[in-house]
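Structures for review follow.
In what comes next, chain A is part of two complexes: it sits with chain B in the first one and with chain C in the second one.
Right after this comes the complex of A and B.
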């Protein structure tokens, strides 16, 4: 098992290193120069642009820039934003909490509801409930986050006047203490609802098909022929096996949750990292983008390792194969 | 759909500035600007802005999102308002020497920074010297400044290399806010901690900066001028246009940077609830032709395109008719300099084709005289479609390249294009239009070079009499009509609603209950809430 974990960690480290290199080069090869924006669109003074390029080392060859960046990273220094000139880690730190809050609450709800609905639909395959849910799931699966978010705002805020359109808290009242917590919760309802509605279909369909597939396995047939009660077969044998692929899916979505909530953060003016990432792309703020990508690749790698280990625990076959 | 999409388009700083200032257009006043009743003090005013300021240093970099805010935190020598007049700010008055080579500013006495230190001529000299020396964002407009002297604490003298009629406009524009020498001297302007915790001399001071969410400012009790009437102004970030607009409609915010133009007709019915800001800016959207290479280097092609483009259709379909079709080679706002004889050509597709035929162009087997690439900016699909259809009619096959601003500028600035779309603030006065037309002018992306035009602008630059200046610019238009290096399409009109309970807003003139005559573009000093 130890060897198994070590192998996974090593692969993870390689994934991180390559993604850092890949992102670094890709970003700089993409058209668009950050110094042009910093110099101002109105009077793009060539001298200002040159001075900024010199300052940020953007006039050096890309590989030299990369080596300097890696050296910096090894010293635990993520660099400074070109746009705000503040440390990248501070900037990411300010946004991290908001994203995690939204993503984790959403994830818990969507996984729970998605799995429950999926299991139920699989058990009642072909029923009205199953057909309707399937239809709805396809509809929401193909719905863009932007559009759904706006529709939800139009319905709940502008028409029904039940909830605030956007933001993380009421800036006018600026509540403190426990009221602040309640206020944030209140402001979270619509973005969470959007996220959950968009993602439940995913978990729903994976669970449904996984459960259905397991129910048709030969060993389940055999169990049935022994006369074991259907409920017992389902709980003891079908569920345990069917939920295995879901672990992988959950792991991967957790790793991608920052990018996943980016559009929701924009629509609902939620001050998270996804929004920061999209902004940094527009302004070509390389250091901030590199920082976010590094964090993303680390979280993807870590989640892959965690998933593999959990998987190995849940399914001894995997351990033994290794 | 998106009233202020130009901010996102990044057409130019000026366009974005219009967005930044949110409701700060305003020269034409409002329909119900409101008779000022008893002024009510207090209250919180919330502005929904499309992006977060990255720094509160007003001079170091160009930041579309901090302009509206820094105008309230710092002071300039003079400040421009929505009437485009320079008003005294830190300086009480100024004198210009007869030869136009020396500006002497007299500062107010007793001005102190928010940290209690006195603000003197040394701060002014330090700020300008650094802007120029370090090539900060607005350094280029001060290339005519030779030396700056401070004979005493309250006097600043700018000695010029050449007379510069745009100087006062530039001093009162952006990127010239006076910074505290005692805080910034010997430090890097880009990383100084005061960029997040500003020390200023403006009517407000920073109270909170909640990163990613909002910036809150409160009255500065040390301010040398009138004390603000509001208790607090909050700039809250709403990156999505529709959300911002809905948030405004629902009353969560008082002012928005975004409005939905297609809904204006409905809003206009409620004359009690809304007042309207309408302001023309000297920032036309125009087509710039590469006069040096490619197919548009032939003036006949440019004249044909100018004749074959329906500007009225661009205005109606591309801007819901809000931005008027351009008529002149210079912005509509500078009406005293319009040359009525040499206007933009009338729309006439048959004539356009004749120009091409006369110049020797023949249709190919596909039925086109020319195949031209149009380097456009992302976010203007309606405008692009109108232009493409117009060109199709006169036998020009237009390939549209819609690019992000940064990529667009990398192509257009070095001249790697044939015909491109752009915008930009052409002020603060009519002579500043020359930046886009004189040989090697800073924004002369058409790479146009006509010694006669150069000479006329040079003369205009030295001419202190505005009437004579206008005559020279009228002459310029004779050459422009022949050469067509740039082709104005629509002039920049801002139209937006504002709640009627908002009084004293800088977008409205004083007779309409506003504060345009005494406040800067987005200065909130005189704003109060009648509710």
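Right after this comes the complex of A and C.
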């Protein structure tokens, strides 16, 4: 087991290192000279450029630059935004909360509903419920998040005038305390709805096929032949084993949470990282983009390791494999 | 020949496969006969801007006076090209890497497997986004980058296939007859293990089309071509009044992705019983 964990951690470290290297190379090869950008004028003073190169170590050999870059990262220095000249990590930090709020609330709802529907459908294979849900799940699996978001706004806000189209709170009222919580919740309904509708099919299908597969396992057949009541077999043996693979899926979605909600944030003007990403693209603010990418890679690597370890604890077959 | 007939028969018997194939056939016809089908020149700017759907412009016009229907019809070419080429790139890389890893085994496998693990953990959409943002969003760039970041699934499938195939008698006898390793890999292992990759590649086409639409929507599409994602983006600012621009172009994306998705899923269903029989 210990060996298994170490192996996974090593892979994770490799991923992070690779992402850092990749990021470094991408930024260095990017068209446009960063010192010219920083110097800011059409025809900057050569002395200013030299000074800037000296200051950021851009005149040193590329390997030395890479080592310097890693040192900076280890100190939590992800560089400065080209646009606002503030530290990248601070900018990301300001947006992080809003994204996590939306992502976590959505995740809880979609996992619960998806698993419940999946289990029910697997128990009633071929029923009308099963067929209809399957059809719907194909449709939403093929729908781009940004488009569904726009359609939901069109229906609920513009046509039915039920809910706000965008933002996180009512800017005009500036509520405090409990009213503010309610206000944020009110603004969250549509983005969460979009996210949930898009992702439920995913959990639904995985749960359904996993439960169905488990029900056909030999050991379940054996239990049936012992005359154990079907209900008890299902609750005690099928469900437990069928829900195992879902741990992995949930872990992976959690790791990708930030990108998962990015498009929804953009459509609903939710002040999270997705919006930050869009703004950075339009202003070509590469340091911010690369900072988001790095944080994302690190969080994905960490999540994957956690998932694998949890899974290995839950399923002994995995840890004895290698 | 009879095998192929059986295969097609079985495939056709799966309802989602039938729907998928019909949708795909319609799409391909639309892309091929775009000049005939489109009522107007998709690039021409008409005086009637933001015109609601009418007899002249069945799906209305957009903010600068493009005929939306004609744009959607021509946009099918972009989506299909990007989807198919990106997925093919990923199929070729995946098959080669997976085949080599599985067939050669040993140290080669260990190294390649670790490379796959690393690539699997890289957040690919954001990487695509970063590269396209920095290096420009030509259609070629977009296709290549999507292809280069989505091959791991194929590689894993091919690796598993190669590992199981190399134990079989016909591979052993080819080895005994002195056929070279690379020749066995390309002549026997890959052709015999390619089916799951075909199914997965169909799924990858949907993924690539969605990625392209997403990039175009956030302004990272190729500005010189017509793409559905761009139409959705362009129509966004005229919502809710001029709903037709965004709604119809989005539906085009949904049905195209759905077609490949249904076919991919159907193919997996057709192939699974066969694979269990082989065991």
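Note that the second predicted complex is superposed on the first by the 275 of 322 C-alpha atoms of A that agree within 3 Å, B and C clash if a C-alpha of one lies under 4 Å from a C-alpha of the other, contacts with A are read in each partner's own complex, and residues count from 1 in each chain.
Simple rule for what comes next: contacts are C-beta pairs under 8 Å (C-beta built on N, C-alpha and C of every residue); 3 or more make two chains touch, one makes a residue touch a chain.
In this text the structure is predicted, and so the values were computed from the model without any measurement.
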Partner chain in contact with A:150 - chain B first, chain C second, else both or neither: both
Touching partner for A:289 - first (chain B), second (chain C), both, neither: second
Touched partner set for A:279, first chain B, second chain C, both or neither: first
Which of chain B and chain C A:138 touches, first, second, both or neither: second
Chain B versus chain C as contact partner of A:59, first or second or both or neither: neither
Which superposed partner A:112 touches (first chain B, second chain C, both, neither): neither
Which of chain B and chain C A:266 touches, first, second, both or neither: both
Contacts of A:301 with chain B and chain C, given as first, second, both or neither: second
Chain B versus chain C as contact partner of A:26, first or second or both or neither: second
Chain B and chain C contact sites that coincide on chain A, given as residue numbers: 31, 146, 150, 153-154, 157-158, 266, 282, 284
Parts of chain B lying in touch with chain A, wherever the complex brings them together: 10-14, 16, 44, 46, 51-52, 54-55, 61-62, 134-141, 175, 190-191, 195-196, 210-214, 216, 234, 236-240, 242-244, 246-247, 249-250, 252, 404-407, 409-410, 413, 424-425, 442-443
Touch list for chain C against partner chain A, complex: 16, 114, 117-118, 121-123, 125-127, 129-131, 133-135, 206, 210, 213-214, 217-220, 229, 232, 236, 239-240, 243, 246-247, 250, 253-255, 257-258, 261-262, 265
Partner chain B, residues of chain A touching it in the complex: 31-34, 36-45, 47-48, 51, 55, 80-81, 83-86, 91, 94-95, 98, 146, 149-150, 153-154, 157-158, 161, 164-169, 171-172, 266-269, 271-272, 275-276, 279, 282, 284
Chain A - residues contacting chain C, complex: 11-12, 14-15, 18-19, 22, 26-27, 30-31, 138-139, 141-144, 146-147, 150-151, 153-154, 157-159, 256, 259, 263, 266, 277-278, 281-282, 284, 286, 289-290, 292-293, 296-297, 300-301, 304
